[in-house]
């Protein structure tokens, strides 16, 4: 029994079958990669997991609780955090404020009317946020306005914001998309470090095979809305089906 | 039955005015993403083009007529318009009489120039600014334009009649087999409706069938991509601004005989037209036109005595009620596109 | 945080001291003055509060011209205007009781709030001892209430609602302009005489208090003479296009349309009605007629040709031939180049009447002025013999029934006087039901 | 101090000092001098500035923090005024219950209108709020006249019950007061050739304004305020951080509606009249403009914007040609006429033109509003005219960011 169980999930958009009969089990404390050519349904699947889309059929259970019909913020409160393809951070706020928000969310839940308290009095949360920033090596940038940072820093910040919530499952949507090789390697190193330091399950959707093979414990290959194979990285490498799926893609291009 | 037919006609007429102003507004909203609070003032300036032309044609020289006395008892000055002196009284008079239709020709270059000047001189600096800043600057501009008109023409409405040839009414009742004189409709209003249809049709075909239109529509959908293709979208948007101003301007010219122009008429229409544009859906031209007619017709029906006796005051708020209902049931208005002006 | 606390306490203490020092709380307190803004030194300040923006800005501008003229005449400049024809002769052209008249102006924006703010600044900042002006009843009533509380005199400008001297009357407020009841009483007999006594009337009424009082007044006056009221329809203020209210008239058997509109609404509803061919219509074998009970020449220009032959009433018109009117038209026309409007006339007259009352009372004290104006009878100000009635501070004078002129000789020559209804015919009892519900109260001198 | 950090405390103390000294500061020109026209230190204007300052500060809590642009906020101002006047008609002339009721009623309306309107964002939200406000205005003007007294506005009458106050003595209307201390009583001080008016009503408004301002500072600096800025910055991230933006925005909407109600109640407390005009869309637009003009998202900006607009409205509209003549009579005749003509376009009946031009100039050259102008000025005084980096701004206030993201559907 994995921490995340996807059973028979299907999703249609008008006449297009985006997902069909997807079964997936992500084991606790592993790094699970989902790969597949463009249009294979990776993003649709991810959106079904976090509540942005509701599947037409099937079930999604996280740690024994069904996530279907729950709103994204409720699913996050269950312990799923998501990192976006383009870093989604609070651009107008400082790095430290960006960190404080998930801290409050973790402690107080989806809504709390703490209008008269002062942020400065929350020593415990500040310490926690600072520790996390130190972990990702951004402590000295704490007072910067988030939108003024480099893309790599934004990515780090986003990951830190997710991690400070101590999620059980971290979803990464193409975390290195559009990055230079050096930045990509830094990100891989960061993710590895994260994984080593704590008990966390990571699901990663990725295009870049280099990233996938350096991180993943298990890989699911998605093609045309259904899982093609699920196996260890080594086995996937030589799998003819996977080659065909990707070859098909290259022909299309 | 007659009542309903008549209110339908009224609604179409009101709707044409709303649709025309909203069309120009949504061109600016949709193409440029600018919340243009000066659009009402543009409509007003259009109406004052008609007034101005009529004043120009009426420019007169004075001769003293010793037989008549003015209100102070002095010999009266008799005014003769130059055009009557130049072209003979008959043709001169006809020219003055036809000043409103003539004003359309007169207004188009003026309105395009006003639109260009506004866009190049001011609005262009505000494309990347928050909507709130756009509101403030265009509101300021609207006030300035209003005050200029007020300085030259005063605050009272100015009578701007239609040509004599279009006075009188068309008897629909007789045509459709009802009692005569029951369903009559003024010629000028029918002309206004027809005129609106032509202008709307022209704008649509312009955007549909010309390369220019295609680029602009592409620009509405995705400005950056078109910019990357090396097309000078900015210049085209300037032209679009001129076009939108011209549409609002001619709408104002033709409306002058229905509503005597005054300097704050733009503000009166502005809020309403923002409602129309938003109800139609941001960035959708057909939506704006449809919403214009829908709200015009509903407003007319709600002012029927039968309706008012059940719901007193409904005619005052019907537009807002409909706007709320539509926006709650259809999140982006009737035909709005996703992601336009939702932030 | 003791510092802020201390400061706050200081504020309160200051307030308490100020409050304790007063027997009666008033807007203005100054130990040296016997009443609000008692003129000190050689000048007296009047506040001219007129609409300078919005729909009535042109009327406001005309009112202001009249006020400036009145100030000139009071200070002994110009040709003296109606001072020469006024029946009371106490004004000597040396200001008011030797105080040179100065004035301040403000913008009412035709909004109660803005008008009160503007009047307040005149009272609080500029020391105005009298406020006058305005071009709508809502504003007049709001400012009248303020002046009552502040302890200054309010001489209203153009306000036609019955309420101004009816349920909202105030001891410190005075109205020279006529009202809706008078319009009805003057118009109805003329209407009955010209259009017959068996007419069916359809009312379109601006949906606010002034519109309602006029509708009530006209309907009552015409019904008393045998007319039937078919329908009364309320239209939104500033409706713009009135077509959807006009077309239903076509389907009724009404043969008269009464437009209880003013300003831009009047212009548009009348234009629309004419466009829909109502004037060429025959109903019940009679010519369909349109009536505009309250005419304003300034506004009538906006309706152009459409006002020709339309009956209505007005407070005053520049074509009147009495001595007072001619003197006023002459000095106004000479100074500005065009004849004055009825708004200008009433404002000019109100200023003179105030100055005269002060001079007769020998004091600027509002209570003395009120006493001098109450029951004051005068002549020579353009409306014939006039009474400022003590019970409600309303002027009773002749009312003009006018008609849109068929062949105007100039752009100002739009109305012709059809009949001058004598004051006796438009006089009503102070406790008339249309005016019931309010009380003057006592004068307030601040 | 009071839960504020050092910077905020000194900021608040400066604001308090300025507020207390306003009757003196706004009276800079000697009585009788030509420039006395520009003196603004009379009670009505000072009260209005304080009250509209509260209104704008409240509006800024919604707009400046969450980015939701309400175009119908004047409705709450109007509703607050009506509620307050009714309280004075029915219960007592003491302003405290009236103001409390005003806040309560407008808070309830804000909750209802906000609940519906906040289902949409962006321009759709603006139009929904506009529609609700216009409905309120139209109804108040016409069909609701029994409740609102329509065009004239709701006023006190001699025969109102006023249960707690008992019968009115004499025949003049009672005045608004706080436990017997009349709002309209003033203490006048003649000194230095000027008359300074210390008015109870003004200091009452000022006290409430400072309180409201203090609450706003606390709110800006609180986790709640941070969440509101998060709403403006990125709703998508907020949702995926486990936060529900809706209750936050609704709470902000209600708080800001209650600020508007408080301002409306204070207007009625200073001058017991509530007119429908207060709810007209132009009134809603006015508060938007005050906020942007001063600087949206800053603490002091909206107050500054409110002050400037009310000052222009009340002072410039009163400068007529005879005043101008008084100023320029020393010029040669022809020149004087030209100068007066030019000035007359911007003053008196032309004061709207000044307003319009001010809007355009400020928004074009000072994108952050007037407060930005002040900052640049103080920078220049401190450091000469050296170019300033965008983020080395020492001011504790939040700066409005360039844009914001909204969650996709």
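Chains: A, B, C and D, in written order; residue numbering restarts at 1 for each.
By our rule, a residue touches a chain if its C-beta (ideal position, glycine included) is under 8 Å from a C-beta of that chain, and two chains touch if they have at least 3 such contacts.
Since this is a predicted model, take the numbers as computed values, not measurements.
**Student:** Which chains make contact with chain B and with chain C at once?
**Tutor:** Chains touching both chain B and chain C: D.
**Student:** Quick one: name the chains whose C-beta contact count is the highest of any pair.
**Tutor:** Maximum number of inter-chain contact pairs occurs for C-D.
**Student:** If you average all the Cα positions, which chain's own average lands nearest?
**Tutor:** D
**Student:** Which chain has its C-alpha centre farthest away from the C-alpha centre of chain A?
**Tutor:** C
**Student:** Calculate how many whole Å lie between the centre of chain C and the centre of chain D, each centre taken as the average of the chain's C-alpha atoms.
**Tutor:** Roughly 32 Å, centre to centre.
**Student:** List the centre-to-centre spacing of chain A and chain B in whole Å, with centres computed as mean CA coordinates.
**Tutor:** Here chain A and chain B have centroids separated by 52 Å.
**Student:** Centroid of chain A to centroid of chain C, CA atoms only: how many Å?
**Tutor:** 73
**Student:** Which integer distance in Å separates the CA centroid of chain A from that of chain D?
**Tutor:** Here chain A and chain D have centroids separated by 45 Å.
**Student:** Can you list every residue of chain B that touches 2 or more other chains, as numbers and ranges?
**Tutor:** Those would be 312-313, 316.
**Student:** Which chain A residues reach two or more other chains?
**Tutor:** In chain A, no residue touches at least two other chains, as defined above.
**Student:** What parts of chain D, by residue number, touch at least two of the other chains?
**Tutor:** Residues 138, 142-143, 352, 400, 403-405.
**Student:** Touching pairs of chains, which are they?
**Tutor:** Chain pairs that touch: A-D, B-C, B-D, C-D.
**Student:** Under the definition above, what is the set of chain C residues touching chain B in their complex?
**Tutor:** Where chain C meets chain B, its residues are 53-59, 61, 207, 231, 233-236, 238, 240-241, 243-245, 247-248, 250-251, 264, 267-268, 271-272, 275-277, 280-281, 298-299, 301-306, 318-319, 329-330, 333-334, 339, 409-410, 412-413.
**Student:** Under the stated contact criterion, what part of chain B meets chain D in this complex?
**Tutor:** 35, 122, 125, 129-133, 135-137, 139-144, 146-147, 151, 267, 271, 274-275, 278-279, 282, 312-313, 316-317, 319-321, 323-324, 327-328, 331-333, 338-339, 341-343
**Student:** Note which residues of chain D are touching chain A in the complex, please.
**Tutor:** 3-5, 218-219, 221-227, 229-230, 232-234, 236-244, 247-248, 251, 255, 390-391, 398-405
**Student:** So in the complex, which bits of chain C are touching chain D?
**Tutor:** 1, 3-4, 7-8, 11-12, 14-19, 21-22, 25-30, 52-53, 57, 60-61, 64, 68, 103-107, 111-114, 116-118, 120-122, 124-126, 136-138, 141-142, 145-146, 148-149, 163, 168, 171, 207-210, 234, 236-237, 438-439, 441-442, 444
**Student:** Contact residues on chain D for chain C in the complex?
**Tutor:** Interface residues on chain D, with respect to chain C: 1-2, 12-13, 16-17, 20, 39, 42-45, 48, 138, 141-143, 145, 149-153, 155, 157-158, 170-173, 175, 177, 180-182, 184-188, 197-198, 200, 203-204, 206-207, 267, 271, 273, 275, 277-278, 313-314, 317-318, 320, 322, 348-349, 351-352.
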